[in-house]
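First the structure, in the form of structure tokens, and then the observations on it.
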């Protein structure tokens, strides 16, 4: 009856899993696996995994009933599923055991649906959700309970909009996009002009937000609509919780933005950029492809493709590390300087005596 | 029928816009303007603007059908609307093209309204919104869908409370206030006393939040209620997304608080204070009028009116800039110190030889 | 009829309060106290308190009708409630005057309740709230209006879930837990593996969040569910607004996490840890019991029990303070170095002249 009942099997045998993964099985194909765990925490009936030598000591002691390992660990005494990328394999297995948030089929009768909407097949809308007028939802997209989707919103296929997320008027969402609870997409950009009395007059924000395929937006993120045009998150980018994206920002493809990052207006990121936690970027700069920015850094200027930068203000990461070493040795420098001074005084006195 | 249908015109002619702005028109008054854009992005039918020499090279290449420019650019070959403050003019025009979030007239039948409320004329309340008991809403105020307004809340005229915002019991909101989605106004202040077992006992937070006229509160901000009395945001202050305002904080008039700022309990800001992104202020300090605090700074003490400060901990901005230069040159100092030491050793040896 | 009508008295006499607190009364037992305030703000009819000598000058001028004071201030001329811990006493009195957010008895008819739930006696569920299927709510627990509680959620006794909070599927909440508005408990952890095209493939997050007794979670916090197993907040820990807790983090007992803190995945905190505002911790480290971390610090490695650390990256707090002093004196060092160089040049010239 229920989605969960239909889709989730309670267990998978080691033989089934080996075949699902295209892995080489060493040991019994009949062991029933009912869940997953870390090497330390997994118990009987659970599957765990080892990616490399660093955790090998934990593998030998693990109580897991089976392990996914790379070929270099084929000698372990556990039941083994041997394959070249154990982390990727583990992620694939986790999907088998993952229960998607349950939503009844169809549209809950307590949801509010505006006029003139077009919904693809298999759309599910949860209790007390709001979908405005003139919206298009692609097939199999889910709007969970207590979400707010405004007017003129277009969402592609196979999207998951978690409970209590808010997508405001006119925003455009691609396919397979995941938006977590409490995220706000399409709030006004922060723009004012001062009038002659020094008061801040609002600049209307008449643009939208566009989110491309395979993007994930974390819980309680805020993504502002553009002043004109669009704020744009491109394909495959993954955004952690509580991140702020200001108006007219462009984030390229396959970027990773860790929690509590803030990006100011009109800044542009290339592809495969990584921003560590609590990084802040000023507005109107460009961050090149594959740039990595260290945690808590503040970036006041553009950064060229491929660079690693850190610090407040951010400088090349290697220079930053050297600077830190020198900063910690400042008291020592100070003492050396004092000693040199004393010696020079001595030398000067000696000279005068000559 | 609908609000949008009633208020939004699809286009405005250059002649109408010149007259609306009190601008001097150079060129045809008959060009139909259907939207706005930046100099780089605006295309046919769109209006753009130029504020000064910095972007003049973009103006000459712009595909916009007309430009708002200051008198010093009256020589450009585009159709021009010439006026003294192009940025203010552009903001005014943007209002003409801005579609306010659509809300049907009156109170949606799926909204929950408590007892004993008084609503001014033209109040609109969206689907699945909650307004508690004993609330007063001024005329033309809008509570969008999925908002939560608690009991004993008073909101003035012409306010806009965006979807999924939360205003808790007893809070007082002025006129023309805008509160964005996901903002929480009136959560408990963070206050505990340790009992003799070292456990944290909650101090009830029995005060409220007062927000004065013309304030704007960003998406997913949190503004805590006072322990006693009130947390107070004064007239004209604009707050970006994800800002934290603790209990009993007072923010003066016309301040600008950029995204992810945090202000600790009982701190007081004067008027026209600017806090850049991710700034943190400790509790129980005073920040004078017109103080500006650089991005990511941490401020552990009061700051006098008119000062600019930066850094962790914050120091006068000019001193901060000098310190940064010296920090980057530390490896060089180190090398100089090493060389001096060698020279002194030589001198000492020479002396002993004498 | 209403909860407030039943529980809240409008005033308490000084005699009643002395008896409630076990305090020694000096002065009239007949004074009617109608509210609380700070020494500076409390007026006639209000009670205030003094904890020590620091604010004694304010006490003598206070307009409060009565003061809670320690025995060392029994000489003050106000009506006094004398007891050993005035701050704890004040918190206890504040509870008498605190109006809990009003909720009608029972389950509002506009709430959505799934199937197969078990509710203890005195459970209240507000308008437009969502409680999924297979949930257990302990006695006297309140789910306020517009909350979202998912499926398979277990919440203990006497909990308060404020409006617009979100608790996702499978999470486990203890007794007397308070969760503030906009908080999200159980969002997906942020975990991806790169496939051979460099694209980020989602690792399903199949664990839960467990929150133990007497925990308080601030407004708009995000607490991610575990990859496997659980993210775990232990008894008595208090978390301020906008804090990020990543997947598989363990926070010990009686910790204090100030606003805008971020804790990365799998990091473990001991008991009585204090993280000041905007602190960031990397993943997979251990923070010992009673560690205190200064505001805005970034912590890249484990910290031993009892240590105080500060800075980016964090170092022992005392060393950090010394380093700051030396940093501010860098221009001075520079100048000294320049002078020494000049003197050495002189000495060298002199030597060559010899």
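Note that the chains take the letters A, B and C in the order they are written out, and that residue 1 is the start of every chain.
As a convention for this text, contacts are C-beta pairs under 8 Å (C-beta built on N, C-alpha and C of every residue); 3 or more make two chains touch, one makes a residue touch a chain.
This one's a predicted model, so the numbers in the text were calculated from it and none came from an experiment.
Counting hops only between chains that touch, chain B reaches chain C in a minimum of 1. For the self-contact between chain A and chain C, the two sides draw on mostly distinct residue numbers; the shared fraction is below half. The angle needed to superpose chain A on chain B by their Cα atoms is 120 degrees, rounded to the nearest 5. In this assembly, the C-alpha centroid of chain A lies 25 Å from the C-alpha centroid of chain C.
Multi-chain contact residues of chain B (touching two or more other chains): 128, 146, 164, 182, 220, 242, 260, 278, 296, 312, 327, 330, 333, 337, 340, 344, 347, 354. Of all residues in chain C, those touching chain B in their complex are 35-38, 41-42, 85, 87-88, 90-91, 94-95, 97-99, 101-102, 108, 110, 126-128, 145-146, 162-164, 178, 180-182, 214, 216, 218-220, 236, 238, 240-242, 254, 256, 258-260, 272, 277-278, 295-296, 312, 324, 327-328, 330-331, 333-334, 337, 340-341, 344, 347-348, 351, 354.
Per the touch definition, chain C reaches chain A in the complex via residues 112, 128, 130, 132-133, 146, 148, 150-151, 164, 166, 168-169, 182, 184, 187-188, 190, 192-193, 195, 198-206, 220-222, 224, 227-229, 242, 244, 246, 260, 262, 264, 278, 280, 282, 296, 298, 300, 312-313, 315, 319, 322-323, 326-327, 330, 333, 336-337, 340, 343-344, 347, 350, 354.
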